[in-house]
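You will see chain A twice below: alongside chain B first, and alongside chain C after that.
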Partner chain A sequence: MNISIKYFGFIAEVTDCEEETISFSGTTISELLDVLHSKYEALKNNDFQVAQNQSLVPFETEITGKEIALLPPFAGG
Partner chain B sequence: MTDKKPKSVFKEGAISSGFIGESIAKHQTKTSIGAHNIFLGQVRADVIDGKTVSAIDYTAYEDMANIKFNDIREAAFEKFDLTCMHIYHSLGVVKAGEICLFVFVSSPRRKVVFEALEFIVEKIKANVPVFGKEIFEDDSHQWKVNN
Partner chain C sequence: MRYSRHTILSEIGQAGQDKITNAKVLVVGAGGLGCPVLQYLAAAGVGVLGIMDFDVVELSNLQRQILFGTSSLGQNKAEAAKKRLEDLNSDISITAYAEKLSYQNALELFSQYDVIVDGTDNFETRYLINDACIIANKPLVFGAIYKFEGQVSVFNYNNGPSYRCLFPNPPQKNTVPNCSEVGVLGVLPGIIGSMQANEVLKIILGIGDVLSGKLLCYNALTAQTTVLKINKSEAIIDAVLKGKDTFSDKQTEFNCEFLTEVVSIKDVVSKENIQFIDVREVHELPKVDLLDVTAIPLSELENSIHKIDGEKQKVVFCQSGIRSKKAVSVLKNLNIDNCFSLREGALEINNHIEKLEGFKNLSVKNK
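And now, the complex of A and B:
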């Protein structure tokens, strides 16, 4: 399936893009992250959370949504 | 009367003192209010490894941020006897010394607004996906993290 992934903050610097579509055959966020880690080595050293359909989810969550986002630590205010 | 309509939270650039003043003035007609409380977040010129922060460039995961702002608004109205509440957050570049966050709560009574304001600001800092690039005077940068 095709998954749209959004990147923010320093994660977007690592990936050098803010959004991309990835063809993915696994089932969980964690498996998707394995794919991303092999594509972007520097991602491994960075702290981030993952949102699925605009909600934060644990890495073992099954991918059900079309929109995944990698979010670095928040810095509002 | 309770003012619970969804509002746009993000504003491009710094939040001006004029805008803040006008927001206060608009409440003169709401005479059930007995107390306002205001939080203003200001960009601090931190010195990190000898370099001074001159501005913060804010970005956000806007779709999720709007959901989170709405959740915070609903939780605050549920928890506190508020007459109204307004939140504005900057996007884009805000220079050191300028305002990047404006939270404004109003209630018939003062104790409510002290508690509500802290509740709301802490929730914004913890839960809303806003990202800040701290730009130094030499144009290098680092990414801000809330404590």
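And now, the complex of A and C:
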């Protein structure tokens, strides 16, 4: 299945793109993150949450949607 | 007359304007976000405004902190903002708190206000504000920025989720860069702060859909807005509420930046036994030639300990006073004591020394 992944803030600097589509055959967000971690090693040093179809979800959630987003916290003000 | 453009709106009217007049809003942090929030809330006539900020106005703030001008440099931000806002609207009551928010003062302070606005620039204070809002049961209008992107939400509103429901715990220290380290587009906090002011007014007026349970993400470069749904975690909120009785016993574990002792060039320039350390990269200008300076770029600091004089007090400077704070925290982590960060950047240091009469007699280089 093709999944579109959106990266926010400094996560997009780690991945060097704001959006990409990857082919993925697993079932959960965690498994998808494993794929991303092996693709982008620096990702594991970053805190972020994951949204599926514009809704923030726990990592053990099953992937049902085609749109995933990685959202880091921002400190700046 | 002042509020006629509000009162002629059928959604607001005189009744709505009266709600604004009766509202009490506390803005924590009078920086990039706090300035536009305060400006619009004061202009709108929010009856009681609290401004909390312990920091002083620096030249590098003026690129985005729109309440301040060159005449405010060196002044406390809360005081300077109050002065500007009193000119904008003398009909409202403004209180400046020139101090840090702490576990000791947060609950008592928050209890005096209806809405709390987070315009701070660090996670420790953001989590402190969030938890205090949960315990004091106050809605929290949240905004945060990074380079060209911003986040806005309203937490703890009508039993909605809190910031911890989105990000349960602060990230590990030094993993998330802040504006001072990476820069920020000046207009971005203006946009995000204006959105926060808008949410405050919607809460006060009871109109529209408050951004509760949702995080709005804005990208200034693409003009894209993404709204993500946040689910409430009762367990997380209960855990915060359980800590209610011991809340004021807690100590802020502010990152080292906030424990850094900041000094001014005027206080140290004529002192003896000081090693001045320039932590800028070697290519950065202007050079500070009038002082005896040890150049150690921040990136090389940890591996250049041998260049640091253990017998002297260390006064660290950079271009704007930001990296120097970081450098001091690096040195402290290496158990090097007697380190201070200079508030002024290289240009201001040069200006100050040049102005000093007889500066050649001070601990300066023979040129």
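We adopt the following convention: the second predicted complex is superposed on the first by the 73 of 77 C-alpha atoms of A that agree within 3 Å, B and C clash if a C-alpha of one lies under 4 Å from a C-alpha of the other, contacts with A are read in each partner's own complex, and residues count from 1 in each chain.
Heads up, the rule we're going with is that a residue touches a chain if its C-beta (ideal position, glycine included) is under 8 Å from a C-beta of that chain, and two chains touch if they have at least 3 such contacts.
Keep in mind that what you see is a predicted model, and the values were worked out from it rather than measured.
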{"item": "Which of chain B and chain C A:10 touches, first, second, both or neither", "value": "both"}
{"item": "Which partner reaches more residues of chain A (counting touched residues only), chain B or chain C", "value": "C"}
{"item": "Partner chain(s) touched by A:45 [first = chain B, second = chain C, both, neither]", "value": "second"}
{"item": "Which superposed partner A:72 touches (first chain B, second chain C, both, neither)", "value": "both"}
{"item": "Footprint overlap on chain A, comparing chain B with chain C", "value": "6, 8-10, 51, 54-55, 69, 71-77"}
{"item": "Residues of chain B that touch chain A when the two form their complex", "value": "41, 56, 58-61, 63-64, 67, 89, 100-101, 121, 124-133, 143-146"}
{"item": "Touch list for chain A against partner chain B, complex", "value": "6, 8-10, 51, 54-55, 69, 71-77"}
{"item": "Touching residues (chain side chain A, partner chain C) in the complex", "value": "6, 8-10, 18, 45-47, 49, 51, 54-56, 69, 71-77"}
{"item": "Residues of chain C that touch chain A when the two form their complex", "value": "29, 31-34, 118-123, 126, 143-147, 149-151, 166-167, 171-172, 175-179, 184, 189, 215, 217, 222, 226-231"}
